[in-house]
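As written, the chains take the letters A, B, C, D and E, and residue 1 is the first residue of each chain.
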Amino acid sequence: MNPLVLPLAPLVAAVLVVLLRRRAGLVGPVAVGSLLVTLGIAIGAALTEPATRIAWSPAIELSLGVAGFGRVMVVLVPAIATPIVAYAATTETDGRTRLLALMLTFVAAMLLLLVAGDFVTLLIGWELVGATSWALIGHGWHDPANGKSATQAFLTTRLGDLGLYVAAGATLAGTGAFAFAGIPSAGSPWREIIAGGILLAAAAKSAQVPFSPWLFAAMAGPTPVSALLHSATLVAAGAYLLIRLAPALAPVPWFLPSIAVVGIVTALAGGVVASVGTHAKRVLAASTSAQYGLMFVAIGAGSTAAAGAQLVTHAAFKSLLFLAAGVAIHAVGTADLGRFRLGRILPAVAVASGVGALALAGVPPLGAAWSKEAIVSAAVEASRPLAIATLVAGLLGVVYAGRFQLLAFGAGDPDRQVRRPGRVELAALLVLASATIGLSVLWLPAAAARVEDLTRGTLAAGAAWEFVAALVTIIAGALVLAGLTRTGRLLSIGIGDARRPALENWLGLPRLTTAAVVRPTLGLSAALARADDRIIDAGVRATARFARLMSAMAAGRVEVVIDDAVRAGAAFALVTADAARTVDDRGVDEAVEATGRGVGLAGHQSRRLQTGLTHHYFVIGSVGVVAIAAILAVSR
Amino acid sequence: MMDPVLVDAAFVVFAVLAIVTGYRVFRTDSMVRAAFYLLASFAAVGGIMVLLGAEFLGMVLILMMAGEMLVMAIVMVMYMMNPAGLNPMVMVHQDRVAAIAGVVAFLALAAVGLFGGFPNTPAPDPSLATAQLGRELLGNSMLVFQTAGVTLLATMIGAVAIAGARGRYGSAEDGSSEPPLQPDEEATA
Amino acid sequence: MNQGESMVASLGDILPEATIVAGGVIVLLFAVLAPRSRQHCAAWIALITTAVAAALTLGMLGDAQTLTFFGTYARDDMAAIGRLVILGATAATIALSMPWFAKDPRHGEYYTLLLYSALGAVLLAGATDLKEFVVAMLLSSGTGFVLAGYHRRSSASAEAAMKYYLLGALANSATLMGVALLFGLAGGTTLSALSTGLASASGPALVTGVALVVIGLTFKLGAVPIHPWVPDVAQGAPAPVAAFLTAVPKVGAFIFLARFVLVLPAATMAWAPLIAVLAATTMTLGNLACLWQDDVRRLLGWSAVSQTGYGLMAIVALGRSDLAVTALLFFLAAYVPANFAAFGTVVALRGRTALGDYEGLGRAQPWLTGSLALSFLSFIGVPPLSGFVAKLLLFLVAIQAGYAWLAVVAAVNTVVSIFYYVRVIAPATFGVPAGPMPTLARGPIWTTILAAGILILTGVAAEPLVQAFTSATVLH
Amino acid sequence: MLTAAIFVPLIAAAILALLPRDRGLGAHPRRLAIVATIVAAVPLAILAAAWLGFRGTGGFEQVEAAPWIPTLGIAYRVGIDGLSLPLAAMTALLFVVAIAYPVDLRGRPLAYFALLLFLEGVSIGLFLALDLFLFFVFWDVSLVAMYFLIGAWGHGDAQRSALKFFLYTFAGSLPLLLAILGLYLTTSPRTFDMAEIIRQQPLAGAGTYAVLVFWGFFVGFAIKTPIVPLHTWLPPAHVDAPGPASAILAGVLLKMGTYGFVRILMSMLPEVWAQFSLLIGVMAVISILYGALVALAQTNLKRLVAYTSVNHMGYVMLGLAAAGAAVTGQEAARAIALTGATVEMVAHGLITGALFLISGSILTRGGTYEIDAYGGLLTRARLLTALTGLMAFASLGLPGLAGFVAEVQIFAGTLAVYPWLAALALVGIVLTAGIFLRMLGRLFLGSLPERWTEFPDLHRREVAGLGLLGAVVVLIGVAPAWLLGVVDSFAGPFVGRP
Amino acid sequence: MTTEAVLIVAAALFGIGVYGALSQQSFVMLMMGIELMINGSLLALVVLWSRAAGGNPEGQMLGVVFMTVMAVEMALGFALITGVYRVRRADITEKLRRLKG
């Protein structure tokens, strides 16, 4: 089997969807069906590990293959996407065809990214994922704000993409080709450059600090889009890349520690943001950043297997949570967490969401708890402060997970009139909730080896006290929640309205970016554009001044030498000066134009030499003879 | 051959005459007088030329200039501002520049005369000069001679064409202008 | 030595020239004798004369290359090629003149003068002797003064003629002194005598003599410093004459200048820097003065000045580049038709000369506009017109001669020149005509188109010309 | 056959120019457009055939030669290699679309189509020419034709812009001519034959003389490319030119400069190029960043696209700087940089050509290029939005489209040679992304202003033309092997890749 | 009567001629200046012919040529003066300044 079939299947389906846009009834089933087919193909591929090469030119060969952690991911992506697309097909009415086609394209791009065995292919998938996400986020295009958010998201991730370009170039420089396989053989400094590039790309894509705010912007898209982007796809790409390539780059001494630092910082910062947020989707988005931060910690600590497990479990429960949040938002028409509390009205949804929240909090025996446990173990093995920080992040996780669940689906007024979810929505929730629960198999003793095999990584040998510590954090978190609920500060967390916006909005990070990057760029751009329109005003002035000086000199000297003929010269010298001043006063645009004008002035001047008076011509001729004789006499 | 002293004396006289009269051409207040000064200057130069052995050239010069100056005097009387051509007049411009130019020209050529480094190969027998000229005219310089003839012919035609007031078909000037921009104006023109 | 026989034999060397002399006389006699209604036939006689002379010249091309008339005249390819260009230009002038002078009662002798003026240029091109040079220059200028003033009722024509005359008389007189000095230094007047006689000469006499001769030539060339007549004649003289006078004397003068500089003693006389300076100032001044001209004829006059400057680059390279002669001759062969295509347009448009009157010419007279544009593009040096090949060769020889700076100056000037050419072409092609734009007659139109056609033809098929020019011998 | 590709449009142009204006084709612009399009397609077909017959030997193929001015070593020589073939083919394609594209003919259809066909022959000729003289002839003539196109069918201050364009680019062509002559004079035997000169390498080790010749060429090509700060002729020329002329100007004429860099400077003066390649790289990066930043601030659609051209040509120059650098051991990367630069020429030609055509269509409909005058056009013009979006994404280097294929190779190749320059240049792609996303947002998204409620979508001729370009852009983006293979057959041997 | 002395006389005549040509307003007077220049040239020629060129007959021929020049220029000058006076009533250079620039 050609691995190219994997991305092609949803792509063909996307085309099919567009073609079928007039048959409204068929669109949804085709989209979902195609994903199921893709899922089948993906499972097949994961078992057979196909690989192929496509030659672009004698110098560039693309290699595609399902290998390593990619085997898990190719299955995971369509598996998560299927319920989400089904959800989208039933809930979204505005531009549904476009949305579904784009989602399918997005899945195709994501699959291409996953089957990439070299940097060019990776870049193709990577950038296509970014571009389709731009279109998905900006789906509601009538509102200009959505377009802006989409652009922000795209630009931020593209900034990270530069790292990938750099890594690609460095790989080429170091190995003569683009394939991942060559990375270990790349020498210094290329390996360092590759490492730096990949770290940048992964951090941007996985919404790590300082790139995290784009995830908020990405919330401008419809709920299924958020679910798709934040669970197993867009955001996962960064972590996936690190899981795939970190082992090869591990010899770079600063590489893994930096990953860990980025991860833990994000995990903590994201945890805080998620804990104080009041916008349902943003809370979840911040939690996504935080959870991916944990994955980075795992990778940084040397356990790609733990990160992989976390990625899988997170994909399941986060998409579940997003869909649940979507149902809730749909029901009440707002994303403000203070206005939800739908537990009594939508009990089924609340239960499903509860499963997700428990997973997010890392409560055993769910699979998510196992993966979190593995991360802690890895962190312990790597460094003690890291381990402690990881535990703190876990505590925050319990808080924001619980807070979300309580605020969104806590007990509220049972008689509120809200829109109720349809069957497909519930089914999607059910599927995802089952998956979340099903992942509890990770606790089985045989699972560890299996995970190590699937991720091609290793798990740290955990100690018993770590499990205890994890339980303690959960209990502590629960106590905090209880306290907050008791004091009625669950929503506000005791933070004043003045400080809330900054805190909520990624601790003010976006404002910093605006001030430090966006504004200067735009300002520079405007300034340059102005300058370009009237380049080098100074040049004009200088030219004019020079002309004036010259003509003044001519006026002074020439009058002494020959009176009449050159009195004319003096006259136009003055005119030149005058004209030059006019030019100066006008303060004209470009240096080129100034040159042209200078020549034009010279034109006026030289015409003045032709006075129309023959005796002047005689003088010119006489001077000419003298000059000619002088030149002849001087030159040898 | 004349006595060298006499020759020198004659040369000095002619030279002074040529220069002084030449200068007076532009320092007189009457054009007619200027013409005669010029004639005198030419005559003096003709004299020097005779002294130098170019009898034929010298005499031709004198005769030619005599005729020419008559024409010039007539033209002046005909066209110049003061019909009599005898009234005082100063019609000079850029006098200073002209003087400088004249002095520069003189100094340069005088320098050429003094330091020119011309070879010193005098004519072997000046008495043969006129006969040589005749042979030259019809021999080596045949082409030059013929060209000069054509030139004189062309000059005559040209001078008549420009200056002649009456043509073969009435006034010579009718129709002697540019065609009008629009053809219909031609009828009225 | 039997002088009579050799004279007859020599006469065979100047058959084309003799033909022109005879043609001129016949035209004159015809003009005197024929009734007014038949006067225009004089033009045909003149045209036939040029054709016969050209045919005779063609026969002489590539023949034995000798000096004739005791070393005073060259019967070489250089002269023959110059003669062909001059005769072609003269024929074009005649074609332009026929309708232009149709109303002039002195129509007939005009052609005699024209033929003799051409003869002057022809003789100048062949002269290898200072006497012949002086007489030829006199013939060429004397007739030129008259031709320039031929519109006897036009004050502009009279003014142009007078100024042309005054400058010419001054320059010629100065030249006489130069000739006298060179004769004194060399002991002879032929160029070969100069080349041996001047070999050891140096000092102020040589410098002054050469300077004064060069001054005379700059008058004929319309180069700085005796250039001011060119725009005046271009504007004031009858348009066909303007075309003639801005082109034909130049051909003779360029060729004589080439012969002249080659006999100067290379050891003591560095003439190339002088010519280079003259070239640079001439092209620059001509171009600058063109920039704001609102009179198309005057513009063409100034552009003729600048073109002379380009041509002088070839003179600079003489003896320093194996292609200098090629460049010079090609320049002449490219410049002359372009000049006639431009002035021909003016003639065909009944002397239309105000820049504003050219607005919308493209819609009214597409063929003439095309010709005008082609001639301007050739002046600029846009391929594949012959002006381009000429400029390429000029740049080439200048660089080869070590005068790259001159090539750069010429290049800068070329860019400047675009501006004023476009000032004419742009309104002509993009504008809308304000009224009808009647033409004079078919003859000038066809002449113009033919001249423009030659520009394309000699530009695209340049090889025959390049080959002929490269193998041309230059006697002196 | 290649000769026919040059001369069929030239001859057709001559015939059109001579046709009567009030009868026959002259009186039927629509029929005339069809005829012109068919003629314009002939070179495309010929070049397609040439492509099929292309063997990729590394040298010039399908050479056709005839003596022209043998005395001076000038001959008519045309042929193709992996560099010229893609460019010539792109040119032919772009011309077919440009000629078929609807435009306001101002009552002079014959002249319009004659000029465009003339320009097509000339442009193709330039890329196929294997003789410096012939090359220069085509170079200069293209300026004249473009001058008249802008002047006669432009809008705004068209004549001034046309003049500026003409003066400026002609000023560039003269140093070029001087440099050609300087180079020619050193050949022995003297010849203008490019292949022979490349073989001779007459200026190897020629010191200052070679450097002077180099900068003559450089200035000539840099103005046309254009490289900042020699770019100021470009925006006015583009803004005032009619859409198809803009497309040709950006798509074809700018490529002449970069093509000249490779074909002449890098091939004939490789030592000097290597000597200055870092400087050239720096200039390229300045062009990239400057072009992008200035474009970011534009409110005029055409100026915006024009400045992105400056930016994109900067990428090309960057690739060329890296490809010609004297860095041993990175032959593979340098070949990739060269391939990328060449592909960028093709890609930019197609993409920016299309964007200028689109600008023309928008002007026809809305009467202004001011971006802020529009908004929400997606409501009314879906095809316009789709095609603009496609081209905008292609221009910002989205994978799957032609621009990416070029840019990834340029960056990767350059990074191996000049890591810091490449890193700086990469910022350019974020900026271009910002430029185009903002542009798309402001033109098409948001709410539709009242005045555009009747805004018509593209019609068939426009869709067909843009669709064709789009298809090729996608084809190159998705499966570029057919193109890269051809280009690589030139690039590999050029850098001496083992 | 040395060569140098004659040449200085010739130089003086030439110089006066130049002065006249440049300083005179009237066409006729101006022409007289030119005549004087030729006069000087002629004198220089003859002395050089006689003393430096060994009496080469070409020199005398050149003298004839010079005189031809003088005659032709004067004849045409008068004709042109007549013509200009007829259409422009102009007798001095200052009156001819329509063509300029």
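Basically, contacts are C-beta pairs under 8 Å (C-beta built on N, C-alpha and C of every residue); 3 or more make two chains touch, one makes a residue touch a chain.
From a predicted model like this one, the values you see are computed outputs, not experimental measurements.
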Any chains in contact with both subunit C and subunit D?
A
With centres defined as CA means, the chain nearest the overall centre is D
Determine the centre-to-centre distance between subunit B and subunit C, using the mean Cα coordinates as centres, and give it in whole Å.
28
CA centre of subunit C versus CA centre of subunit E: separation in Å?
25
For subunit B versus subunit E, what separation do you get between their C-alpha means, in angstrom?
5
Taking each chain's centre as its mean C-alpha position, how far apart are subunit D and subunit E in Å?
64
Of all the residues in subunit B, which ones touch at least 2 other chains?
93-94, 97, 101, 104-105, 108-109, 112, 116, 118-119, 121, 140-141, 144, 148, 151, 155, 158-159, 162, 173
Multi-chain contacts in subunit C, i.e. residues touching at least two other chains, fall at 131, 135, 138, 142, 145-146, 149, 152-154, 161-163, 166, 170, 174, 177, 181, 184-185, 187, 204, 208, 231, 289, 293, 419
I need the residues of subunit E touching at least two other chains; which ones are they?
14, 17-18, 21-23, 25, 31, 40, 42, 44, 48-49, 52-54, 58, 61, 65, 68, 72, 76, 79-81, 83, 86, 93-94, 96, 98-99, 101
Which of the chains are touching one another, listed as pairs?
A-B, A-C, A-D, A-E, B-C, B-E, C-D, C-E
For the subunit E and subunit A complex, residues of the former touching the latter
18, 21-23, 25, 93-94, 96-101
For a test of understanding, state which residues of subunit C touch subunit E in their complex under the given definition.
130-131, 134-135, 138, 142, 145-146, 149, 152-156, 158-163, 165-166, 169-170, 172-174, 176-177, 179-181, 183-190, 231-232, 235-236, 289, 293, 298
Could you please specify the touching residues of subunit D with respect to subunit C in the complex?
67-72, 133, 136-137, 140-141, 144, 147-148, 151-152, 158-159, 162-163, 166-167, 170-171, 174-175, 177-178, 181-182, 184-185, 212
So in the complex, the part of subunit A that touches subunit E is made up of which residues?
607-608, 610-615, 618-619, 622
Which part of subunit C faces subunit D closely enough to touch in the complex?
323, 326, 377, 380, 382-384, 388-389, 392, 395-396, 399-400, 404, 407-408, 411-412, 414-415, 418-419, 422, 426, 429-430, 462-463, 466-467, 470
